[in-house]
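Structures follow.
Two complexes, one shared chain (chain A), two partners (chain B, chain C).
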Partner chain A sequence: MAKTTLTFALMDPPYEDARSTTALRLVDIAARRGYNVNVFAYEGAVFLPFALQKPHANAVHGLDVEAEDHPQTREWVAALIKECERNGGRLDWLNCGLCVDERGAGDSIPGVRRGTPADLWKMAEESDNTLVIAAK
Partner chain B sequence: MKTLNIVESAYRATLEEQDDTIVWLTHAMKGAGAKIDVLMRGNAVSYVVRGQKVPPLAFGARQQRMSPRLLEDVAGLIAKGVAVYVVNEDLVERGIERTDIIDGPIPLVRSDLPELLDKYPRVWHW
Partner chain C sequence: MAKYLLIESRDPFDSNDCAHFCLLAERLAAAGNDVTFFPVQNGVLPARSGAQSKLLADLAAAGVVVLADSFALAERGICTDKLIAGVAAAPLDIVVDQLAEGRKAIWH
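Coming up: the complex of A and B.
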């Protein structure tokens, strides 16, 4: 039986709404099932794996950097790439190159590649299903 | 000058930020000496429901350690002397009883809003 392949098209930047975490939850489920997962990060979503994200302390919580352990979406993406590999699948995370350029978001974590809208079409053609989680 | 922060967009990136950004901003400004109060409306009225908890998020091996504690953050505002108003109709529409919410928030009805807003030279609707 052929391995299930799913494509997700994401559009929201990190730290703005709940759609990013919802999308990554779905990717996580697919990763745990050993599926192949494609992500086409469009517009602000190209910042999800941005390598220069840094944690910070939280004075309101009274916590230093270490105790606050502020999430960075680049860590989540990296963890999902590993989780896919661990379960026999793979996560192909592709950032829209034009979206990267207009935002200066070129520093991505290892495992993220640059592409074009044509790649989304190819991914969708090769997938069992595609889910678009668009910005609202 | 007194400021009223109106919080309407609830649970917006709270998992990533580990708090509500406007509740956090209010804490920070209060700490800096601001005279500031908060009005919860829409889905944000859920922030004052007692007993709520957010389980830590985990993606692969990355486990969150400090998931948001929105109720405690709002209670902390009240403890600092920030008046936290909640719109009663928004509670009712969501099936939230007065007994479901913590002590401290001040329920008011929508028809009270013009009078409330008139007390604040600055009203910021987030």
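Coming up: the complex of A and C.
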């Protein structure tokens, strides 16, 4: 039986909308099942795996960087890549190159590749299903 | 008969077009299709009895399966015993199940 492959198209940047969290929750569920997962990240979503994200302290609450433990979406994406591998699947995370260049978001974590909008069509063609999570 | 999965992430108190998305679900069901309507994020707010609950109640009455994301409900302090009739809590896994089964899926 062929392995299930799902494609998700994401366009929201990190730290702005619950859609990003829900999208990563969906990827996580698919990863735990050992599915192959494609992510086509475009517009602000190319910053989800941005390697230069840095945790910060919270002076208002008197917390240093370690105590604040601010979440980094680049770490979540890295964890999802590992989770897919651990369960026999793979996460192919592709950032739209046009969107990357517009935003100077070229420094991505390992495992993220660069592509074009045509890759979304290829991913969809090779998938059992595709969900486009568009920004509002 | 086709199978559809409609995912509603928007809050009807904030987005007037939620009613149109519900109408789409209702008409797909009326045309004989198998339709699941899955509210997530603030989309779960009308699952609790209130001014906008009729949107989801009408869907259930029209034969649409209405399943609200249990995580989103818990985040908003909406207990499952407070859900309106016709709406059930369900994990987000349902979305992945139905994507894997090949349902036509629309995110709003």
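Operating definition for what follows: the second predicted complex is superposed on the first by the 136 of 136 C-alpha atoms of A that agree within 3 Å, B and C clash if a C-alpha of one lies under 4 Å from a C-alpha of the other, contacts with A are read in each partner's own complex, and residues count from 1 in each chain.
FYI, a contact is a pair of C-beta atoms (placed from the backbone, for glycine too) under 8 Å apart; a residue touches a chain by one contact, two chains touch by 3 or more.
Model, not experiment: these values are computed from the prediction.
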Contacts of A:P71 with chain B and chain C, given as first, second, both or neither: first
Touched partner set for A:N129, first chain B, second chain C, both or neither: second
Partner chain in contact with A:L6 - chain B first, chain C second, else both or neither: second
Per-residue touch tally on chain A - higher for chain B or for chain C: B
Which superposed partner A:A18 touches (first chain B, second chain C, both, neither): both
Where chain A meets both chain C and chain B, residue numbers: 18, 25
Residues of chain C that touch chain A when the two form their complex: 7, 9-10, 15, 40-42, 71, 92-93, 95-96, 99-100, 102-103, 105, 107
Touch list for chain A against partner chain B, complex: 14-18, 20-21, 24-25, 27-28, 31, 58-61, 63, 67-71, 73, 75-76, 78-80, 82-83, 86
Chain C contact footprint on chain A (complex, rising order): 4, 6, 18-19, 22, 25-26, 29-30, 33, 35, 128-134, 136
Chain A-touching residues of chain B, taken from the complex the two chains share: 11-19, 24, 27-28, 31, 57-62, 64-66, 73
